[in-house]
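Let me give you the structure first, and then I'll get to my questions.
Chains: A, B, C and D, in written order; residue numbering restarts at 1 for each.
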Amino acid sequence: MEDLVSIAFSVAITTFVINMIVGTYGIFVKHNVIKKILALIIFSDSLNMLSIAIGFRIAEKYPSPPILTTEPRDPRDLTQFADISVDPLPQALVITAIVIGFSVFAFLLSLAVLYYKYNGTLDIRTSLEVEENEEGFQ
Amino acid sequence: MLIPIVVVLVASTLSIILAYLTMVEKDLLIATIYIAFIGVLYTLIYYILMAPDVVLAYMPVSSILLPLMIVIVLKKTKRFEE
Amino acid sequence: MSVRNRIRMRYKKRDIVVALSLAISMLALAMVLNMGGLGILPPRTLRSLARSIVINTYNPWNTTLTSYSLNAVSAIIWDYRGIDTIFETSVLMAAVTGVAIVLRESHKGRKPGGQGMSIIVKSSTKIVMLLTIIGSLALAVHGHLTPGGGFQAGSAIGATLSLVLVALSLQFIHRIGIDKDTLLKIRYTVLAMILAVALVPLISLVLGYSYAYILQNQVREGSYFSMPSKFFTTPLAGTVFVFNILETITVASAITYIVLTVATYEGKTEE
Amino acid sequence: MDSLGSSLIPFICLMLAVLVPLTYIAFGKKVGSVVVLLGSITVLILALKLFVTVSRVGVIVYRFGGFPPPLGVVYVFDEVNSVLALSTSFVFLLSILYTLTFEGDRYENAVYSLFYLLMSGVYGCLFTGDIFNFYVSIELVAVSSYVLTGFNRGKRAVRAAIVYGIAGTAITSFLLLASFIIYGSYGTLNIADIALKSRNTSVEVLFSGSVFGDIVLPSKVTLALITWIFLFKSGIMPNHFWLPEAYSVAPLPALVLFSASADTLGIYGLIRLYHLVFSSESVIRDFRATMLGILLLLGTASAIMSSMLVAKQKSIRKLIAYSSISQFSLALLGIVSGTEEGLAGSILHLVVNGLGDAAVLYSVGILKYYSANLPQGYKHKPSVLLAKAVLIVGLINLFGVIPIIPGFWSKALLVLGFVKSGIAIAAVAVLVSAGLCAIGYFSALVRVLQKYKNGSTISSTGTKCLTNVVAVIILSLTLIACVGLGISITLYSSVRAKVIELGYNAMNSWRYIAAVLP
């Protein structure tokens, strides 16, 4: 039973890694600015997912979220809680990473609007062509 | 213990398909919808992996705010990738 | 060969190299994850650091390490690793400043939006908006007791207001008193308050009462300064509670500002 | 106690980033400018105090929130980061003065806010003793750099900002990935804790226990990943595509801040990575040696290639961009050498490069301003003459062959380090790159002097008295810093010993670990 859980879990983690590959491929290979941003979103989301998966654990029954439901009355309540709770640290770090990611994406999207305004397209190669042409004239 | 992990497995496999579709889709509006779906699937996985705080932080950002902003930006720019 | 073709060719060659190197590096990553680099996943025990935090998050028997917050995630975000969160709020502020700079024109020539959708949609959106905002405020207030907290509540409010912007009209947003300048002012003021709260313990240092650390919440080793840990019988978790409420306001105003600026930006191409 | 004031530096920067727009809105421009200036002076004073304290006491640790190290986040102050913080604060003060006087009308108050955000990120990166906190700080630096790159808008600025932004975000995400792998395998995020466990896998640390799983493979992967990230951040040659574009469009003071503070963080991070976290005593020392070999090749190639490009550049911004790449590559070679002299040379080189870039760019900016606004008496104006002198000193400093200039000493130390460790190729690279850069520097000098030979031909209003005073202050501060540092290193052997001690302290990782985990 536990082996099955472990294997299924490993496969799930590998799928997140594959998603990250898809995301990085999109970031570096696609030429459309918004497509690049979409790829970045996939990449960073899968990365966050992966880290939450690292913080998951097996407990006696199903593990509980890292939140005490009642005030502990005895120090033993705390050790019992620590025996069933999942890892809270990756969750806190991921929340931080989500907010950072959102702020970067928002800024990049506003830049994309401006890029379109100047170039009439979202293709990142176009303005390079213009630059090469300009350099050729000099 | 096994059944939730299998749900995670199914959801993550679906998310690979959606990620691939997002990357090959030429219509960026549809790609945005795929991204929002990935957000929903990941929210489900977060929930199963016992991270309610992350669910609450991730759901509005991934399924509402980012798709909404991308749609607004697409409306102001160009919908199709050439 | 034309410039365009040459550039396309160069990109095509680069793509293949990039894709291959990515595949190799990611395979290495998958190996690390699955071949016991992180132990057997999922593990049976917590990592010791996580166990120390889980045990100490609400621990009246070890007062120098606890933060009196039932929610361990909130305790980490605002107490154990509070400085991370303060920096991360500043990243959000940098992004807001960036959006404001990049889309400068949307300050001027603000046109009222369209008429919005039908009357049924409008009134139901208003009701949903009120309910969501109340629910989010509850999330913020109970952030240290139940799942939830500053970002969660703030992003929920921001998302609701953005949906309202789409479903109703810009005029409605303006009518309920939401304006870009106001949002920016609120954002800066509340962020200053967050930083001030982080520095409040230093007052006790200045007064000579006791030694105190930046971002201190409860009594620590070598310091007697403490924020209130309980409100009558309800746990309050000191600064965690205050930070959650302030963070809700900043995140909500920042997100609404960003969406509002992008949505009201005029101008297709410049030609 | 001692460390409180220094830990306040990033907080003061953040506070000012918020307060500056508020004061501009509430009290207008004049009060706002005063607040901006006072803030940067305060930061400089605190950095100076930190430098003095650290050189007296040694390593200082500050616990945020009062939590002991692996549990909470700590700031660690030692000789290396206090020197870099001091030089950064000095250049920052110059930038604020320059922006207020010469570019204040063109930019809104947002630019000061962004400067302060950038600086608080830089201080956070320098001081932090926690890998996730490093990620957050570097993300703050990165986002404010993207915004500053796109600040002027226009076709090229937006393209540069998008390229920099997308690549930079992807690559800092890899730092996040690396820190998660570290957490997964080591069970901790504290740098000193990781360093301890990478030497001795069976050690038990209070709160974080022992390692969690097999650390060899994860350590290798993280070492490679983080190295790549830092090479990108400092623009070493294969990863440099964003740097010249960003440098040619950013506002001038932002450009100086990039080259003096934000982009030195990559080299600083590599120093920490290779001489503290995964040092020569760690379990992956063979893999580390291989990586150092790769870095040697990359650094040599990058130094020579970018120096060749320096000679070709027509604009002063691109010149500074490629020259920065070549100087960062030389500093990278100093890390590879693994000797005290090499590391000291590498740290001094970062400081010198920042000072030299500031001298060149600000004197050119001031010359441009005067030649546009001053019809009569341009040639004999004292500040114009001073600006020309500073330009020459700055370029000689970057070139670095005359012993009373600090640029000479940093290169001499680097060469000494390479000779000691027997890496002849790197020593050759230093000399070749200096020679190749010299062509670029001196043709740039001639061109600048030619271009700003005469004052404005159209009648203009002239310059204000305050502007002249500030111009003289900026120029003489730069001159004093450059020449004073050089003379003191040349004349006093105790200063030289202090500089070499810097390299020793950078390699002395046990002291760092013992200070953080008592």
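The rule is simple: a contact is a pair of C-beta atoms (placed from the backbone, for glycine too) under 8 Å apart; a residue touches a chain by one contact, two chains touch by 3 or more.
Computed from a predicted structure; not experimentally measured.
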item	value
Reference subunit B; chain at largest CA-centroid distance	D
Which of B-C and A-C has more C-beta contact pairs	A-C
Chain centre separation (subunit A, subunit C; CA means) in Å	15
Distance from the mean Cα position of subunit C to that of subunit B, given in whole angstrom	19
Length of the line joining the C-alpha centres of subunit C and subunit D, rounded to whole Å	29
Centre-of-Cα separation between subunit B and subunit A, whole angstrom	11
Per-residue overlap in subunit B, given as positions that touch at least 2 other chains	52-53, 57, 61, 65, 69, 73, 76
Junction residues of subunit D - those touching two or more other chains	132, 136, 139, 143, 146-147, 150, 153, 158, 177, 183-184, 189
Residue list for subunit A, restricted to those that touch at least two other chains	5, 9, 18, 24-25, 28, 37, 50, 53-56, 58, 65-67, 89, 91-93, 95-96, 98-100, 102-104, 106-107, 109-114, 116, 118, 128
Pairs of chains, among all present, that meet the touch criterion	A-B, A-C, A-D, B-C, C-D
Residue ranges of subunit D in contact with subunit C within the complex	4, 7-8, 10-11, 14-15, 17-19, 21-22, 25, 63-68, 70-73, 108, 110, 113-114, 117, 120-121, 124, 132-133, 136-137, 139-140, 143-144, 146-147, 150-151, 153, 158, 177, 181, 183-185, 187-189, 207-210, 212-215, 217-218, 221
Subunit A residues within the subunit C interface of the complex	5-6, 9-10, 13-14, 17-18, 20-21, 24-25, 28-29, 31, 50, 53-58, 65-69, 71-72, 75, 78-79, 81-82, 85, 87-89, 91-93, 95-96, 98-100, 102-104, 106-107, 109-111, 113-114, 116-118, 120, 125, 128-129, 132-133, 136
Touch list for subunit B against partner subunit A, complex	1-2, 4-6, 8-9, 12-13, 15-16, 19-20, 22-23, 28, 31-32, 35, 38-39, 42, 45-46, 49-54, 57-58, 61-62, 65-66, 69-70, 73-74, 76-78, 81-82
Residues on subunit B engaged by subunit C in the complex (per definition of touch)	52-53, 55-57, 60-61, 64-65, 68-69, 72-73, 76
Parts of subunit A lying in touch with subunit B, wherever the complex brings them together	1, 4-5, 8-9, 11-12, 15-16, 18-19, 22-23, 25-26, 30, 32, 34-35, 37-39, 41-42, 45-46, 48-49, 52-53, 55-56, 58, 62-67, 86, 91-92, 94-95, 98-99, 102, 105-106, 109-110, 112-113, 116, 121-123
